Amino acid sequence: MEYVANKETIAKRIARFFKNGDVVNLGIGLPTLVGNYVPEGVELILQSENGFMGLGPAPEAGEEDPMLVNAGGMPVTIKAGGCYFDSAMSFAIIRGGHIAATVLGVLEVDQEGNLANYKIPGKMVPGMGGAMDLTVGAKTVFAATQHFDAKGNSKLLRRCKLPLTAAAQVDYVVTDVGLFQVKDGAFVLKEYFKPYTVDYILETTDADIVVDKDCKEVDLA
Amino acid sequence: MVKKPIVTADEAVKLIKEGDAVMVGGFLGCGSPTGLIAALEKRGTGKLTLICNDCAMYNPKTGDMNGVAPLVAKKRFSVAVVSHIGTNPEIQRQMNEGETDVRLVPQGTLAERIRAAGAGLGGVLTPTGLGTEVQDGKKVVEVDGVKFLLEKALKGDVALIRAKKADKSGNCVYDKSGRNFNPLMAMACDTVIVEADEIVEIGELDPEVVVTPSVFVTHIVQGRK
Amino acid sequence: MEYVANKETIAKRIARFFKNGDVVNLGIGLPTLVGNYVPEGVELILQSENGFMGLGPAPEAGEEDPMLVNAGGMPVTIKAGGCYFDSAMSFAIIRGGHIAATVLGVLEVDQEGNLANYKIPGKMVPGMGGAMDLTVGAKTVFAATQHFDAKGNSKLLRRCKLPLTAAAQVDYVVTDVGLFQVKDGAFVLKEYFKPYTVDYILETTDADIVVDKDCKEVDLA
Amino acid sequence: MVKKPIVTADEAVKLIKEGDAVMVGGFLGCGSPTGLIAALEKRGTGKLTLICNDCAMYNPKTGDMNGVAPLVAKKRFSVAVVSHIGTNPEIQRQMNEGETDVRLVPQGTLAERIRAAGAGLGGVLTPTGLGTEVQDGKKVVEVDGVKFLLEKALKGDVALIRAKKADKSGNCVYDKSGRNFNPLMAMACDTVIVEADEIVEIGELDPEVVVTPSVFVTHIVQGRK
């Protein structure tokens, strides 16, 4: 079986978790894609940690407002019913558990629920930004990642080696091969995505995986 | 933006169970949700813990009262966490006779403790109350050689909030000095019921002036005219 | 010499401390009188701890707004340039040292700068309200009190007996007989108010009083 | 209401001394006071400590930069206390080569530490950063069996703030996502300079919508058109 990285698969699966009205913070990059696949009838309310709720789509070309950007500095819009606030209020919302979920990118994630995504010492240190608060505060933390890195190594580990963004906070890891719940020190495989198989996942992932008794194949194509 | 349920005051107070910690906005009655208070009085739920700035105003001569005073008069609170009771002789009587457990908290500490709970913080490090009875039984934490009292975050079960306007998603603005503790309490409870003088459509409130973002609000009640 | 209680004397003297633009919080009762005696050309900006700046005078009869009251629940007005805020911001302003001065009433005040004004155990317990934060946070704390209580006892003590509102926070005690700075464990007499004399004050006050070398008579009539 | 001095950006930045801790509002440059930053760059004051959400955007290919990036490029900061530096390769280079002492702080912790300083609190008890490098060297405080990191209050000498409108007494409102850290930093410094897109008369701002009360502001500068 050949692995083909597929961000859309990840975004599609995470999007199905949400119910109408959930307030969610989507990290920059891959997590942002989740917003594109929210099911019919479900409206997500997006919180942007730089200071507003009701994050809307990018504006039409020429309609950009330099004073209205997302946490990545890109021009966005605000929906009716959104509102602005300062950074203390923004993180009161985040840290205080008022956000249903956050979706964050991954450098490493391990079976204890540890996440590393802000620093490769001596190499790349973007900083944690709001990620540490998001992992600690959001009710459900999704780690969104391709299953393998560019060198073919599993991004799911027994134990993170990089400096942690948060200790034991990840609830679900969603990759382009399957959906894993972090539980009791293992990745519990809940779904495997067509065309991958349970055996393929067990063979290629260097971590303790428990296959859930209700584990099933899901087609996200 | 998703709408929050608009319910009557009578329906709303059914969400309050005996023994709950109830936060009530208002300062000497100004900015208190009078419709919710009246409905709660009628329903009769007891053994509540009141978290409020004060016990509102009560004049034993005239019988005039405002804010939470009717609930005090009916002894619905077994505990009152407040900063001031000087304008309600009835709660003073209840305290002195051991009927109600009144816990006095400095006003700024009360505000920060509530905010801390809403913000996911463990507590507050404040100089207020050092060297007074307020310090009794509390941890003193030194930061760079300066002492602070550790005051714990204060969470509630249900907040009863009075807004000037709420939109149907729950965004709120307040009215003058009626703002006081309302926006803080809206952050610190699982169930947050807003009694709004006016309920407006989503999009009618300027996003720059919203004080309480909709995310905190669970139910909306039309205030009494 | 006969003592005649005189609140106006106290208010007049305190008012002279302020310079144009000072942000001040005046306690309910006697301290509120201070606002009436601010010198020509000095505008005080009054903070009201229930949630606004720019406290103005009481409204005309019939113009009262039940949503605009002071910290004693009495109808007031707001001046142009004032603004409303919540109780956390109100006490951030107070505790954070952004208030030039507060003037507070007194049950007892002592030569260590301790103030008791919120509780007579078993008898009268109004609660501290914002007083504990005000004493700790305001740059200058004025204790405003008649020099003697109804029984003729000195309100200035060697050591407070009542539960304290704040420990060692009082900067000045202003009574209707004189102005005292609290310093190094004593009341330093800076001014005595006509018709009282230094000797009268030393004889009638049961506390350590140091007469300042520049101590002078002041006529506040 | 008493007026605050309205000064030019060049006059304003004379208030910043070598070695000062300077807080600068803005998030990736959005909501940063660009006139004050340009004046500070021109004046050349160095050895500053930057307290800011991030080091703004810098594209080494095009030379495009915004926010505090021009000051980073000229190495005016010996210390940078920020939550994010991923959009400025120059500060990453300075950090890696030991030229600038970059102290990374989680964004919510940074916001609360600044607010705590402004509010007279000793610090913040937060769960954020527990079990990570952020915990190193810090006190862990347990409250009712739950662990929190003690993060100290963070004060500055001078705050450079960008407002949409300021009235002449210093009351401020902000512009959309340009609000971010500005209102917090305005609370936490001895000198607070507001660069306002528009300066209006006292009384023109609705007292219900003011975000930064005038009490915090010491100087006002007319922003660049």
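Some points to look at:
We just call them A, B, C and D in the order they show up, numbering each chain from 1.
Keep this in mind: a contact is a pair of C-beta atoms (placed from the backbone, for glycine too) under 8 Å apart; a residue touches a chain by one contact, two chains touch by 3 or more.
Owing to the predicted nature of the structure, the values given are computational and were not obtained by experimental measurement.
Contacts with chain A and chain B are shared by D.
Chain centre most remote from that of chain C: A (centre = mean of CA atoms). More contacting C-beta pairs link the chains of B-C than the other of the two pairs C-D and B-C.
Chain D has its Cα centroid 36 Å from the Cα centroid of chain C.
Distance from the chain A centre to the chain C centre is 56 Å, each centre being the mean of its Cα atoms.
Note: centroid distance chain B to chain C, computed from Cα atoms, is 29 Å. For the pair chain B and chain D, the distance between mean C-alpha positions equals 33 Å.
In chain D, 112, 115, 119-121, 126-127, 174, 176, 208 are the positions where the chain touches two or more neighbouring chains simultaneously.
The set of chain C residues that touch two or more partner chains comprises 52, 78, 84-85, 88, 91, 94-95, 136-137.
Listed by chain label, the pairs that touch are A-B, A-D, B-C, B-D, C-D. Of all the residues in chain B, the ones that touch chain D in their complex are 112, 116, 119-127, 139, 141, 143-144, 146, 148, 150, 152-153, 173-174, 176, 206, 208-209. Contact residues of chain D toward chain C in the complex are 1-2, 115, 117-121, 167, 169, 171, 187, 202-203, 205, 207-208, 210, 213-216.
The part of chain A that touches chain D in the complex is made up of residues 48-52, 65-73, 78, 84-88, 90-91, 94-95, 122, 124-133, 136-137, 163-168. Residue ranges on chain C touching chain D, taken from their complex, read 20-21, 23, 43, 45, 47, 52-54, 78-85, 88-89, 91-99, 136-137. Taken together, the chain D residues at the contact with chain A in this complex read 27-31, 53-54, 57, 82-87, 92, 95-96, 102, 104, 106-112, 114-115, 126-134, 174-184, 211.
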